[in-house]
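Just so it is clear, A, B, C and D label the chains in written order, and each chain counts residues from 1 on its own.
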Amino acid sequence: MTNAMDAASLNRFMQAEFPQVAADFRVERVAPMEADIRMLIGEQHLRPGGTVSGPSMFALADLAMYAVLLGMIGPVALAVTTNASIDFMRKPESGRDLIGYARLHKLGKTLAVGDVLIRNEGSEAVLARSSMTYAIPPKR
Amino acid sequence: MTNAMDAASLNRFMQAEFPQVAADFRVERVAPMEADIRMLIGEQHLRPGGTVSGPSMFALADLAMYAVLLGMIGPVALAVTTNASIDFMRKPESGRDLIGYARLHKLGKTLAVGDVLIRNEGSEAVLARSSMTYAIPPKR
Amino acid sequence: MTNAMDAASLNRFMQAEFPQVAADFRVERVAPMEADIRMLIGEQHLRPGGTVSGPSMFALADLAMYAVLLGMIGPVALAVTTNASIDFMRKPESGRDLIGYARLHKLGKTLAVGDVLIRNEGSEAVLARSSMTYAIPPKR
Amino acid sequence: MTNAMDAASLNRFMQAEFPQVAADFRVERVAPMEADIRMLIGEQHLRPGGTVSGPSMFALADLAMYAVLLGMIGPVALAVTTNASIDFMRKPESGRDLIGYARLHKLGKTLAVGDVLIRNEGSEAVLARSSMTYAIPPKR
């Protein structure tokens, strides 16, 4: 299995298609069925006390799954999330970026299923874990 | 079962505690074990094509569960989401607000579990459904 | 929207296709996008202390979703569960049947999504809630 | 981190506490925050066509999480599942045992959260993935 897009191509694609979103994220690494995504934490992601909000971590998991999927199938802008589950386990540390580690378990013709683990940069502790299903649109 | 806070109290509490978030949401109705929350859709919630993003709908489900919970137990700012699952079923219509209909199934001492259905205002079709668990901090 | 099969047809179909499973369940009511399924609790479903096991409640949720789906689309034996989430909230009472109340939120061409609430017969308290996605095989 | 019970102790405990269930399962390996569980596939787990049923795979995931948890905290019979999500991705091959690979991400005082991957023995393909939360009863 080989990748259809590398990290640089993914970053360019997201910048072109989703400029508002792309400013907060950076694809760091792409490998077959894997991708690591950095979330550049800013004020807009925080809750009182300095912790990253749940919806912000969900956004990271969602984008990480999108990146690992596009890394395999190429630039299909219309792939959409159909199902997600997420467990929030530990509070993120304030002032440090988050990394989402995405891994595909299944890449079918119409559905892709994978997992994302979220950690603070440079830390082993898993802050959140998520599983997601994406629907892949039929080829025109 | 009676409510500890009504819609006006919830709106004031959220405005005071989470001013950035509260600007996007409004508690519309509170009843025992139920709450309806409006998401005031703006540019920041949209994806290309005018549809509301998945993370924005997750944010609505999360806030709706928080509101139904606080409506029952009063202003406990530190209640946190521990688990969520969400199914995205239909695309929201552009230019219309979303309503999250939250219902608690269990309100225990340490955990609360409920469901949220998301619809466009004035529409019957369910766009997304979510189930969530909140952890309630022990009383000091 | 009308039903493709009524409760009696569903019971006959399950008896013919899944005789081992069907002995434990009975379709009680079918309506458009809804079905109620009884689980006839026996020794094989119990854990020490007389409570119904989690996998048994999962089996009820799974069968209830299958029944509500077939009630709408007719006898498609090969529909399969692709995703499920379940919250266990209260212990079932021993010696009483369980009822699964299934409701479809979306019935698409290839995916169906719904919810199941599980209660003891004659009780209001929700013991477990589940959401499920079924994949519907393409027509031959 | 060290284990409170090894594989042999876990097998003895399950045999003593849950004899009906234990006949179908065997703890194969225990390590800190990890456990591998074999499901001995028999007629009672199969659907027409020879595939293992969804509820049987759910039972394996549930038992694998229970085993990895007890491997860490010792014989606490009353730990219970509060939430589970499961994705079914590929059909099991008939006539081969299933292995559940469980891994704990968080072991708190009252909640434990982990993942289980299910494969056919000797195969790399993931058939199903599950995440589960267990509630740990307070010490008496």
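Everything that follows uses one rule, which is that a residue touches a chain if its C-beta (ideal position, glycine included) is under 8 Å from a C-beta of that chain, and two chains touch if they have at least 3 such contacts.
Remember, it's a predicted structure, so these values are computed and weren't measured experimentally.
After Cα superposition, the angle needed to carry chain B onto chain C is 180 degrees, rounded to a multiple of 5. The chain pair with more C-beta contacts between its two chains, of A-D and C-D, is C-D. Look at the contact of chain A with chain B and you find the same residues on each copy: over half of the numbers used there are shared. Centre-to-centre spacing of chain A and chain D amounts to 28 Å, using the average Cα coordinate of each chain.
Distance between chain centres (mean CA atoms), chain C to chain D: 23 Å.
The set of chain D residues touching two or more other chains comprises 82-83, 85, 87, 89, 133.
Residues of chain B that touch chain D in their complex: 82-83, 85, 110-111, 133. Residues of chain D touching chain C in their complex: 17-18, 20-21, 44, 47-48, 53-56, 58-59, 62, 77, 80-89.
Only residues 85, 87, 89-90, 105-106, 113, 115, 117, 126, 129, 131, 133 of chain B touch chain C when the two sit together in their complex.
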